Amino acid sequence: MSVAEREPKIVGFLCNWCSYAGADLAGTSRTSYPTSVRVIRVPCSGRVNPQFVLRAFQLGADGVLVAGCHPGDCHYSTGNYFTRRRFLLVKRFLDYLGIDQRRFRLRWISASEGPKFAETIREMTEELRQLGPRDAAAVEAHAE
Amino acid sequence: MKRVGVFLCWCGSNISSAVDLDQVAEQTALLPHVVHVEQYKYLCSDPGQETVRKAIKEHALNRVVIAACSPRMHERTFRRAVGSVGLNPHLMEIANIREQCSWVHPDKVTSTPVAVDLVRTAVAKAVKDIPLEPSYVGIEKRALVVGGGIAGIQAALDIADSGYEVVLVEREPTIGGRMAQLDKTFPTLDCSSCILTPKMVEAGQDPRIRLLTYAEVESLSGYIGNFEARIRMKARSVDLDRCTGCGDCWNKCPYRSPGEFDLGLGKRKAIYLPFPQAVPNKPVLDRATCAYFQKDGKCQVCKKVCAPGAIDFEQQDEILEERFGAVVVATGFDLWDHGRYGEYGAGQHPDVISSLEFERLVSASGPTDGKIKRPSDGKLPERVVFIQCVGSRDEAKGVPYCSKVCCMYTAKHAILLKEKIPSSQSYVFYIDVRAAGKNYEEFYRRATVEYGAQYIRGRVSRIYPRGDSLVVVGEDTLLGQKVEVEADLVVLATAVVSRSDAPQVAQKLGFSYDQHGFFTEAHPKLAPVETNTAGIFLAGACQGPKDIPDTVAQAGAAAAKVVRLFAKDQLETEPTVARVDRARCAGCEWCRPICPYKAIEMEAVTERVGSGQVARRVAKVNPSLCHGCGACSVACRSGAMNLLGFSNEQVWAEVEALCL
Amino acid sequence: MRSEAVRAAARRLLEEGKVVRFLGHAPGFDPTSPFPQLITRAEEAERLVLDHFCAPNLAKYLLDYETQEGVTAVVLKGCDALGLARLLADHRVARDRVWVVGLPCPGMLDRDKAAALLPGVQEARAEGDEFVLTGAGGERRVAAGQVLLDRCLVCAVPTPDDADELLGEPVPGRPVPREEDAAVAALEAMTSAERKAYWTEQFSRCIRCMACRNVCPACNCRSCCFDSEEPRWLSRVTDGPAQEMFHFVRALHVAGRCVDCHECERVCPMDIPLMKLNHKLLQDVEELFELERAFVPREVEPLGIYRPDDPEEFA
Amino acid sequence: MNALAVEERKAVRLADIRPVLERLAAGGKLVAPVAEAGGFAFRRVGQAEKVRLDFYNTAESPKDLFFPQSEVLFSYDAAGIAVPEPAGEQVLLGIRPCDLAALPLLDRVFGEGPFRDPGYLARRERTVLVAVACDRPRASCFCTSFGLSPGHVAGADMVLYPDEGGYLVRAQTEAGEALMAEWPGEAVAPGEAEAVAARYRSMETPLGRRIRLEGVAEALDGMFDHPMWEQIAARCLSCGICTYTCPTCHCFQLTDEAKGEAGKRVRCWDSCMFPEFTRMAGGHNPRPDKKARVRQRFMHKLNYFVRRWEEYLCVGCGRCVESCPVGLDIAYVIEAVQGVTARA
Amino acid sequence: MPEAARQLDNPLVPALATVQAVRPETAAGDVRTFQVTLDEGPVFPYLPGQCAMLSVLGVGESMISITSSPTRPDFLEFSVKNAGRVTGALHELGEGARIGVRGPYGNHFPLELLRGKNLVFVGGGIGLAPLRSLISYCLDHRADYGQVDIVYGARSPVDLCFKEDLFERWPAVENTFVHVTVDRGDGSWQGPVGFVPAYVEQVAPSSRDAVAITCGPPIMIKFVLAALEKLGFTDEQVVTTLELKMQCGVGICGRCNIGPKYVCLDGPVFTLAELKKLPQEF
């Protein structure tokens, strides 16, 4: 497969209560989306350690998605507010280190937003495809 | 040694038609630790679960991966299945290859690699699974009910009737709440106090219920089964033990001021009984309006006339500390202040009143003895305009939601008006009439058909005085024309809103509230009376606008939840909670403020350093408070705080497996 | 500069029994690199110096004595005192077990800059806005700006505000033009790939000696995630990804907690511009969360709280 | 083997060294000092103009070229274990006498004990060492204390002596001679070359720092429990600067990097200054505090190594003096030991 | 063949080996014995007391004493307590698993010193593993030694290792006496209860013409040494083995030295006399 055709790989950290349920809803309603995403279920978006995110990038993920309940709707009241704060900073910092901030997304996806989940994956896949592999040389160097 | 069994579910053909499960099985079998891979048509069925159980025994499996539908669907099912053959239920992981694979990637060529990845990731996580056990805490079998309206009364009665002690805290001098202010109730037109009063009395007399009126909860700490409340008993200036409720004091008290219970439509004394049926049927001295306190310290008439010597000017606020196992919050609602509508007279015109004021005017025990005298001149109104949705469903100036009860009580008001003043005519401006509920539509129709209430669909744009009457200008949207009605009295169905101090109450008690100040239920459908703080339940309109039957039903439900809790001697908590590695913890306390449940406290540990003992502080998680969100585990830089079930090791392994 | 004063303070405190140990500085192999010195007896006070080269921040050493008996006296400059504030905010040190001998700091000199201006420099004294360097090569008068440590050029907190005693009159802070922000801005102006290349080059020099971590008052964990075997947050291999992970995590773990003392950068034997990482985060923290002077430790740190109306970029 | 005495080897004078550097750089095997981040570092160089022969000692020693900070020992997969190809040839230009003297010490560790390290030995064998007589000692240098000098170049294949504005280049081995076979420059008489070499050998370091070594190893025999260690260790940061910049320190750890069924085992530098270095799985740590670790480092260099190999594990390069942020350098410790013995 | 030869050239590269059998050693399950053969060639020659580095590829290495006896050269045996990352991973392995082995490392028990003597073995917990190699060796050369006393203890009955040896094989050998104690008994335990040091004093083996060889947790060794001293054993008559963190096994990596001695080269076996000359840093 040529580089251009290669399907980007997205690691998605989804909170159990909203976004994971939203992704389930996309399934239940048979809303198809690209096969680029692989989901890791976490109880809350606040559980996502930025070190997980960088690790995913380093192991070859082209993009990382963190998704949680909308602010105010967190199953644990406040988890996603901390997530937002943390990743406002992390997104910029990743970018500062040379990991294009378009590769990282945090999205609020409720349990009823199956279509939004599918759309997020579609958008992200398209954007990542345009951005191309993150750092082909670096990824290969690590893979060897 | 880890022996992982992987079970691939066809889900009929839901999965098997879209994913090449043979290939998934083949690749999965090559993974480290995987010793058994099996497919089955319906794993969640009894024979399917039996397949898993059998394989666990036959292949000595100690980790199980189920590749099937979403864990949100069947995690419990399979945990139970695994647990039933002696394997710890938390040594099971689910790979979601239906909702997040076969249903969204129906093409086998593209979906199969996804399924392979998801199964591999679940295996990687399962390998890092450790057995988890719940912990247990004792339960203080006493309930605290906050708020003495019908919701609180009902909850207290139900809990007490089940044999448990209840403390009912009401901040007003009497229980009864809003319902006591109502005249009749829809759709049956029962007299409100006739059905409420017996319950108030019952609550006052039940030996298991302790009424604390004129009291407020100052703070609540602890956790489910083990709350500690500080309750402030406001100085009532009346010794309740001595007072007989004879009435001499309030009869003799020379000072009158507008009475709260009658919304200022009538007067009460400085020492007063809010209403005749008050429970406890004993007065309170309002120091803000009492001459003894406010002027010269001389008056003391009440004290002089009180034979039992119950008046106590020196009384101080008192703090009670009590332990409870559960809390029911039933703090009720307020009405929206229609003063914010300038076009309706900005609350300045005495004859533009709220619906609750109308209740007091129409009530036989009200300031007008049930005669509907309009406030400005005491005249009996002939033409009365009722305006619905005042504040409700008004995103611009009011609140966006429907207050739910106004349609019905306005119909009731129209009926009551006609009954009291047969010559009168009522006009009702409405947006729509919402009469969903048993006998509600019929009731509304009675108001229009039998009592001749004239319903006009449309909003009122202006109210202005003309002579001694009011002109109500609106639009009839059905006819598409402007209407003007001259009225003697205008009654506004103002929105039901949260208590102004609801956010403070929520913060004090430790649960969440929405942007309107209504308390948030743990789940809008499946946990409508629970809060997100275990052990605290909601009843009545503090959670959202409700009519009396809904309120009573919810109060009963909240009571049932409390009783359900008290029926156990110990509480089993979810095992997926945070855990501290004491050796690593530096005691920096960073995790503490981040925990939404205040589940983290500090403890001292001593350890050997060289030949001596050294004490230091480390974090400690209370497993009964922890809900397992994991926020602390991310805040903890050293990794000393970990979340069982979604541990650092597990998620790390998942990331690695996923990116392989 | 204040050597006599610090010796007198040490003597007095130890003699009076007010403290059982005293952390100060002593001359190093050359007079421009004094090192931290612990003394426990009054007669050892003679060893102490306090001059314009006493850059090392002594606050972190307080962790060594947390489990030992007695009060520790420590000489702290304004920036160092923020380090102590950090340790206090992190509940790592109890204030009542520390006696702070505060130095209202006129600025510390960069020994490399000084040596470049006057090879063989041995001493420096402040005269107004100038420093007089003396050494084998004679004497030279230089502007403060030429010879101060970068961090001192923009020091906002020269005088500790929490000292138990001060060695001298408080010194006003310098107006802070935050020149570092320009360095961050320059990097921000690059393309993503250029930044990647820049940092890859910088990080490739890292030898993972951990000095940046060990000197940092905000890196005060009891056990560091970098030393954890399970999960292995950081590979021991010094390849590109691991270097990136190390620097990402180190900086992020002090985000909103960094006291801007520059010690990490000063001790780095490979001259990796660590403050460009710290400043980026510091700037973003201040900007995003509308904070001022985010380098001053506060009771709850910026990442330990939230506001419902924080910037929303993730809808 | 053509074993000639150094005096008989070829020597030339280069007024301009650039053409030689260009030739070496073009070969793709050149490792030489370059300017980097305020100091110097040995790096593989493709362009001659990057080479900086006016360098002073690099922050990191060149030991990394023989004993890399991270070295794959082998990789494995389902099929088995594979050992990487041995390193290719390289020309290390610019090694200073101190670092040069460190190599025989590492040779002992990796080549003369009961076990021989093939990777290290291959890199040693395949590296042509072109030393530069030290014309830029720093204030922190004290190589002369160890019997070395700016002209101590034993073990180099070839030496560059800065002289008269250019370089006098002298081969010391066959490999050195082979390397300079095609170099330009006028041949120099052996006597003249030896005179220049001798001049460098007799040079002192500029600050004339000399540390008395006599009796240090013997004194330390009885100083394991001396209170001095506590005092010295108090200011240690427990970082690895001293050990990682040291040309002779050689502690390491083995670490596995797995990716699914495949992976590799890597040997990485480690430091006896790190608390985790000796911590056992159960938590027991025989060197639990800074005192024990600092003592281990200096005892190793000044006593244990001497007991085993009869040499100090230090060459006076001054890197720990230069880089230790808290002045906990070996010269200081030696002086402290001497102070103790003097008082005794 | 040059490839393979080069592999073994590097002392840090293990030889591939296969786990032939795994035996749970204790009822508590935290100790397992692995029987291992090398994939290429016979088992390397070794003597009792020596160790080998076991690799779980992808996880790491751990130094484990060889518990089998060179008198039975078909395989190597290692008894491993699950105490950390690598030993934990070893415990995950079953029959047929591939591991790496390199060794043997370290010195061995002083067989010359033991020859002709009465032997007193004192072991605690997993500390019996290295002793077991020597016990088997001596019992296989029974005529060369006098009376053999084996004193062994574990925390509780479920923690006893090598029960078959303790209760069946060894007692069956002539002039060989096995004394087993536990710190804490349980319902089924009929034997003595008490700590090993006290039990040694109670068993009171004679120090005449005897050598005591002890291995176990540091705290036990400390008190056993005192007990042996009371019984009249001199420092030269007491032999023990040490365990420290090791990475290379070849005296380079810098962890296991006690003063100038490297446990991986000069140890792990030391006489008490030797040990007393070393700095007390282990």
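By letter and in written order, the chains are A, B, C, D and E; residue numbering begins at 1 in each of them.
We adopt the following convention: a residue touches a chain if its C-beta (ideal position, glycine included) is under 8 Å from a C-beta of that chain, and two chains touch if they have at least 3 such contacts.
Since this is a predicted model, take the numbers as computed values, not measurements.
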Pair with more cross-chain C-beta pairs in contact, given A-C and B-C: A-C
Most remote chain, CA-based centroid, reference being subunit B: D
Whole-Å gap separating subunit C and subunit E, where each centre is the average of the chain's CA atoms: 50
Distance between the centres, which are taken as Cα means, of subunit D and subunit B, whole angstrom: 72
Length of the line joining the C-alpha centres of subunit A and subunit D, rounded to whole Å: 47
Whole-Å gap between the CA centroids of subunit A and subunit B: 34
Sites on subunit B at which at least two other chains make contact: 583, 594, 635, 648, 652, 656, 660
Of all residues in subunit D, the ones touching two or more other chains: 253, 255, 257, 259, 270
Set of subunit E residues in contact with two or more other chains: 84-85
Complex interface listing, subunit E residues touching subunit D: 3, 6-7, 9-14, 16, 55, 57-61, 83-87, 100, 218, 243-245, 247-248, 250-255, 257-260, 265, 279, 281-282
Subunit D-touching residues of subunit C, taken from the complex the two chains share: 28-30, 33-38, 56, 60-61, 64, 112, 120, 202, 205, 207-211, 213-215, 227, 235-239, 266-267, 269-272
For the subunit D and subunit C complex, residues of the former touching the latter: 36-39, 41, 59-60, 69-70, 139-140, 231, 234-235, 237-241, 243-245, 253, 255, 257, 266, 268-271, 274-276, 290, 321, 323, 325-329, 331-332
In the complex, subunit A residues that touch subunit C: 50-51, 54-55, 58, 71-72, 78, 81-82, 84-100, 105-108, 135, 138, 141-142
Complex contacts: residues of subunit B adjacent to subunit D: 32, 583, 610, 656, 660
